[in-house]
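These notes are about the structure you will find just below.
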């Protein structure tokens, strides 16, 4: 495996996006009318950045279609939780179904978009987000493989590097895969990257970041869009 | 604002291509989207594969579509009916292909399509003519045949209530093939007796969630026998 | 194919059961609590002979569980028909479902009993009831194959012979099969026959009919129970 | 008169054999049949295979059952939880087998069991560790793996309403695995918040028809978080 540690640039004249900014950036690209499943973690934050008058219908794999925001503390419905087991609300027009019907929506390609967190995304679209080693003790997959393989589009929302600066945007995933070739787009705290047949294409970058600086922090080769 | 409700039959049927596979719901006259079938006759698409439980009655609806030479093949469980004259004439003349599928297998092949399952195994039809040419396989000492998903380019559905998100309910045994065809159709078009406000259908009691529905036309047509 | 025509006995000192009597005979053997699907034709008549206080739950493959009697002419519900497309009623506790769920009940072995009509039943349990020739023009199978293969028990209710006296109780079916080895019991206008690993066993006969007379009308070899 | 309502937890749990596969519904605490799990602990069956989405929290319920050494194997999608101490200890010590199944595949494997389908194909897990040892196959140019049905000897279910025929409704996202486990269990045991009269549940809005239910126990226990 290649050494994917990247040295920080000397002149860091930019500010990486916060988690909120990352979620807001991804939210911009979701049009009205899409059925969207937001994975646990940062992806969940996306819903806060879709204005209520832009109707995007949120799906939660535990059988909710048309999920609303988190429940206010004084109005919790004990039987109404999302896939992350947080108390949520239901929008007008929302509905409930059982797990097999809920995953039929996913596996059958009816969910327009799924946004997941990630450990690594490779330039061929492979995603690793559930286990960090083949010998992981009891790795927990949940619905990630179903969502990654089944949704019409898969986006990944994650930090660009690990805490020690190792690139999560890689030539080939070293961790066990969640799905093969499924990722279409990655939103990181440094950039928005499309995955094309010839690899990662930079759509935009954090303000002040140069292509060279971004590439220096990235294992996989990048090219600019257009 | 999402609004799947369309204002005319022409708008409902727009864009159906020649060569499409069209799923037509209903069990006999009950739960059958008569106005949409008429709309399809009007719309003009040809060389269709029709998937329905029955092969049409008399000279109306699906029978009329076949009589006009617009159906290349029909996939159904029960081509006989009280008056199957059009189908039988075309079939004897070799002008229409027929694929007979056991009713439960027909339902599950569409359910599988809607659920992203390309193929499954069933004990239905094992050892019969309808298993010929199909892959056979044993699981736990019992024989099964492999059946493949049937996807629709278009699904025509009749509902009792619909809202602007496309959430549907069905009345009594009018449900039948409607929910599974809605799931299996790439373009799912619904005629509904009633249009209701978003939220009027109890969230626990939505029979078909709007994710499976593309267009809804309001057709308050009375009852199936009166059509 | 063997000649299955049987000569009528000289001294016919018995009366075959009427269709109503056949249905009543079968109804006797259905205990409370069973989930039962009654095929189109004579089997449908069975429900008239199950007293309402013996709760037997009727299934109709078009998505009805807990079906009641035929609807009175002045109280027809236009959206409520049985598999034979007759207007019916729903009992208290009944429910509706879609076709895939309805056939899941059948295929999954949840229906305790299915009673079908038949063209031929063979001593190995094979049933032929949907087509009379491999070259039938457009034979109609409906739900017969699903029901025969899927229900926990399959009984067949049919005349013992065709109108010209040919036995429908046969060594091997000559017509295309509906299901292989599925039939457990046959109720005819002449007898009740169980299917055992060694063939047909006579449970009872129409009043006045002798075993010899019954065998004379039957292609397959019979033996008495016990 | 059919009456599936039982009067005690002992009656509800009677007859569960050692070596049984037990399907335990719920998604986290929501829709989880806590009283029945307690009843199973009390009842004493050993050498169980437990099928559940999660592998237990803290030292109660399913975690307690495992801690008592009664579970030989667990089939689940997500063995981690806020407090998975019991499972992790047993697993590291090699005292429990684990089969990890993607959540949708887990649901569909039980749905298939209930629907009489011994095996089906899915694109989920293709190319991953969880597809190792599974038959792979291409349909229409896309890769799939074959997955087999999971039958339960017993299913433990939590419902909102139940009647004496065993018809059930569920509340909000409490539905989750309950209806499909009810279908897949040979002996399906239900704890229900409310017992209602036959006919009180609208025929169009029965979520699990009684055909899938064997026993119902009335357990008005408040809410999942308060247990």
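For reference, chains read A, B, C and D in written order, and residue numbers begin at 1 within each chain.
Operating definition for what follows: a residue touches a chain if its C-beta (ideal position, glycine included) is under 8 Å from a C-beta of that chain, and two chains touch if they have at least 3 such contacts.
In this text, all values refer to a predicted model and were calculated from it rather than measured experimentally.
Counting only chains that touch, the fewest steps needed to get from chain A to chain C is 2. Taking the CA centroid of chain B as reference, the farthest chain centroid is that of A. Each of A-B and B-C has its own count of C-beta contacts, and the greater count is at B-C. With centres defined as mean CA coordinates, chain B is found 36 Å away from chain A. Look at where the CA atoms of chain B average out and do the same for chain D: the two points lie 33 Å apart. Chain geometry summary: the mean Cα position of chain A and that of chain D are 29 Å apart.
Each of residues 108, 115-117, 122-123, 170-172, 175, 203-204, 207 in chain D touches at least two other chains. Multi-chain contact residues, meaning those touching two or more other chains, occur in chain C at positions 90, 96-97, 100, 103-104, 106-107, 150.
In summary, the structure contains touching chain pairs A-B, A-D, B-C, B-D, C-D. Those residues of chain A that touch chain D in the shared complex are 60-64, 77-82, 85, 90, 96-100, 102-104, 106-107, 131, 134, 137-146, 149-150, 176-180. For chain D in complex with chain A, the touching residues are 27-31, 55, 77-80, 87-88, 91-92, 98, 100-105, 107-108, 110-111, 122-130, 160, 170-180, 207, 223-226. Remark: chain D residues 108, 112, 115-123, 139-140, 142, 144, 148, 169-172, 175, 202-205, 207 touch chain B in the complex.
Against chain A, in their complex, chain B makes its touches with residues 1-2, 113-117, 163-165, 167, 183, 198-199, 201, 203-204, 206, 209-212. By the touch rule above, chain A contacts chain B in their complex via residues 32-33, 35, 53, 55, 57, 59, 65-66, 90, 92-97, 100, 103-111, 150.
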